[in-house]
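The two complexes that follow have chain A in common; it is paired with chain B in the first and with chain C in the second.
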Partner chain A sequence: MTALATVGGAALGDKLRALGAFDAETCMSCGICTATCPLGIDVLPRQLLRHAALGLEQRIRDEQEVVFSCLLCRACEQSCPAGVHIAQDIRLLRRWLLEQGGE
Partner chain B sequence: MALATADVVGILGDNLRLRGSVLPIPNRRAVHWTRGLELRRGGATVLYTGQMYQLVPYIERLVAAEQQLADSPLARFTGLGRRVNRIVNVSAFMGRPSRTERERSEEAPRRVVALLRGAGVEPGCLFEDDLYSGTLAYDLGLDELVAAHARRVQAVLRRHGVRTAITIDPHTTHMLRTIYPTLLDGWDVDVRSYLEVLAGALAPADALTAAPYASPPPAPVSGSGAAAVALHDSCVYARHEGVVEEPRRLLAAAGVAVLEPEQAGKFTWCCGGPAEALFPERALATAQQRVAQLRAVSSECVTMCPLCLVNLSKAADGAVRFRDIAEVLLDARGDR
Partner chain C sequence: MSERRIGVYVCQCGGNISDYVDVEQVVGAVANDPGVVVARTAMFTCSDATQQEIEADIREQQLDGLVVASCSPKLHTFTFREAARRAGLNPYEYTQVNIREQCSWTHTDDRTGATRKAMQLVRAGIARTRLTEPLEPTAVQTTPSALVIGGGVAGMRAAIGLADLGLGVFLVEREARLCGHTGELGELFPNAGTGSGLVARLLEQIRERPQIAVFTSAEVTAKSGTYGNYRAVIRAGEESIHAEIGQIIVATGFDSYEPAAGEYGYGIQGVLTLPEFRRMLDSREDLIVGGRKPESIAYVYCVGSRCEEHPYCSRFCCSAAVHASLLASDRVAGVRQYHLYRDMRTYGRNELMLSESRERGSLYLKFADGDPPEVTHDGQRLSVTVRDQLTGGDELTIPADLVVLVTGMVPQANDRLVKTLKLPVGGDGFFNEIHPKLRPVETVVDGVLIAGACQGPKTVAESVTSGLAAVSQTAAVLKRGVAELDPQIATVHASACSGCGACVEACPFGAISMIARDGGEVAQIDRAGCKGCGACAPVCGEDAIDLLGYTDGQVRAMIDALIQIPPTHPHLP
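Let's turn to the complex of A and B:
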């Protein structure tokens, strides 16, 4: 987890964990979440969580609209084999983006 | 073009901090639904609306105004709008629903009172102290503001001696039952959806005749309601709060057959409502997908959340009739 979190040169995961129970690093990147998402946006939520786990802050900023588009409906969580708390992770990304000053 | 997300979120957050709701409505409007019901003020058990049903017509007007604004040159000035909103409640000027729209939204809590009284439950009411729960602000990540607001709600409930809050929508249920305990010290209010209260009051014989997930032959019912309906589960009730069996048991016990759409129960499909404040076009597309799933089962559909009701009704554009479960339950007993 540490190696993943530092690839992007920033421990974004640590910043998010300071805001709440962020657990995107437990994602296996299987893609069931994206397949079950009602919105049908390919970045949501698998790629978004991968970017967060890799510490790719600018990628998250670039995807701000996607972060705020999420319905938090938990259709993804219902099928997630790793039990990732996806809706909570998305909420934490929103908090982090708002603290960054948004757009 | 979409309005600047940070500014819109900022306006909603400022409203919660300064005016107690993301979309403040006058107290007289928020409590108008209580007229003539002779509800007790406060007490150990109260009906807590969290203003959700009352807010729906205002949300609809605001979203329509937002869409007009987004397509105009004024869209570049949302930052200025946020600064002005700190002084003057801008949203109050953006969306004023008609009296008919307001009174339609007030029917749900009135029906819930009738249903509870029919089950022998006489709830109190907090009237102007029945505060918004902060649900949208929480979803947007405004946790500190929501925590401060939750403390106000906690103080109000303590002042009125409330031990049990009976909620009428999934979002307020989720906030008060699951989120508030994570934000507050000493939160000890027993929170139950009215659907859980009513299902718990079903006589054993009714419970035995209820057949959730089955498709029994339509039973004759009184009133103008349908004998068989497609049931749309709320994401928040089903996946966040585990309220899945209760609406099915209640409908079956009332003689209304439940027809299950393609995605039901914990695998329900979102109505798109949570995206409406920021991305109304995406919300509509999601709702249209859900309407197609429901329409494949029945042209008579039942919802249990005010946001689901308004979003799906709008997307159906008259092709499917959506009704709130409280209306269907009352109609089935010949008492609207």
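Let's turn to the complex of A and C:
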């Protein structure tokens, strides 16, 4: 309950959409993706997508190791009831992180 | 001893009764009671086969009285009344005795006691039946017109439906015009069309039907009369109209919940209720807040709903808010929208709107019951702080140009009408039907039906559906032209009546009046007005009033039978 983040400002979603088809907002937080993820990392993929959808940029930067450890296997996409393009979203996050690092 | 010919059937209820009550002993105990010519047990008395046996007995043994000892009269009184009727026996010569709920189910620890009690109850039922008389329902002519109170979609559609069935209609609206909440709405969901368009169509259809008399700025101030024939007073300004009607449909609608000052920041510039937001969207083509297009809108759901004061869910508001957010997306490209909810209930086809809103970028944040978001204004900007359960309970602050409080439906304050019509009001403040599934538009008040959101939160489609259901229930009574009323009502033995008038005071239905007779006055029962409640019988000092079916003589005979000690039996202590 302590972490305070601000949603808004320059929207992360809009920045990512400038890079490609980002659709994490379609996620309904059911968690089937996390259940099917072979890596078993706590933050993957539900929470990561949630942080991305809400535009919690610092969170994403803190979680970049997780972003890059994803295998892009798409096991999660197979069972996603909302049809979120999770692998594509993670690719876009990687690109955004890399571009950030380059600045 | 008795000239009656009574058949007695003691039911086993497939073990429900016979596991704890020795039904053979019960039959044995009463078989020789005066007037009993047939006494037997049955596995399931209500089965078609046993009903046919009963009918055969009635015909062959010329039975003139029938007793079935089985379950609650609530379950099967009408079943066996009908069996009697089919065999040519007046249905009111039938008595049901309850030895299941009152004996076997209640005394599973005492078979002997349960059996003894069953004997007493059956004997009392036989005693009552020895004194039954054939009764015939009272037939009353009905008035072929109806009063519809409330000129919203439910009331308007009902009025049109009644007129199309050839019934006269008095349509009364408290406001200055027929419109309701729907008429003030722009685009509706789940399919296209506007609320104002729908209402305009209904108004045109009403104008085309001269048999609908419309009264606006008017109220119903009095109701009198009896089943199928009521008189209502409609007060319109200085004028009073007396309407002769057969039925009344109440379709008075709802109020929108009005948050208290300060509730979720209500009162701060930019904090609106959902209806206020809809008016903003519906009144112009674009969406401008504080002179510019909003960048961010936050919706707080369940405001005034599912709380102590209003514990129910209004059901429509989740969908209505999602729909409004889609309208806002159409007006302002790229507007960011945050939905702060407890549970999303966009049921049925409305679920598609929820998916669409997500695809268009709306974000949904879930707050816990008892941990509502806070709306604040720091002098610069509005913001909403929420602990989002889907982000592990993190506290998030959302800057917003507009905060929409998603409010639900609350009952209308209609005290005067409630009093005039004696409307049944439920714990939630809405009007109550008799049975939520099987009799959804009828009330316990004869001749008064309810339709639309006065019964509880409803969508436009649901309001119209219930309005039309009320039409069919009205037509079921009024199109026959004649209604049959239960004959189990009070009757006055005029020769014994002293004319004291105590019964007139006691009658809750105003169904007793005093008439001149032999130089004095005696009480007279209005057969259509009497409901058979029995309030008059005990206040009569002369025992001059009997309730048909429950006469003093019958009740005394039942008590006498109950206090007889059951005959000794080798198996009884």
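Here, the second predicted complex is superposed on the first by the 92 of 103 C-alpha atoms of A that agree within 3 Å, B and C clash if a C-alpha of one lies under 4 Å from a C-alpha of the other, contacts with A are read in each partner's own complex, and residues count from 1 in each chain.
In the analysis below, contacts are C-beta pairs under 8 Å (C-beta built on N, C-alpha and C of every residue); 3 or more make two chains touch, one makes a residue touch a chain.
Because the structure is predicted, anything quoted here is derived from the model rather than measured.
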Request  = May I ask you to decide whether A:68 touches chain B, chain C, both, or neither, giving the answer as first, second, both or neither?
outcome  = first
Request  = May I ask you to decide whether A:29 touches chain B, chain C, both, or neither, giving the answer as first, second, both or neither?
outcome  = second
Ask   = So, A:50: does it touch chain B (first), chain C (second), both, or neither?
value = second
Ask   = Now for A:18: first (chain B), second (chain C), both, or neither, which partner does it touch?
value = neither
Request  = Flag every residue of chain A that touches chain B in the complex, lowest number first.
outcome  = 19-20, 38-39, 64-65, 68-69, 71-75, 77-78, 91-98, 101-103
Contact set on chain A toward chain C in their complex = 1-9, 11, 13-14, 23, 25-29, 47, 50-51, 53-54, 56, 82
Message = List the residues on chain B that touch chain A in their complex, please.
response = 2, 4-7, 9-10, 138-143, 235, 239-240, 266-270, 272-275, 278-279, 282, 286, 289-290
Complex contacts: residues of chain C adjacent to chain A = 295-296, 334, 336, 338, 355, 358-359, 361-366, 387-388, 390-399
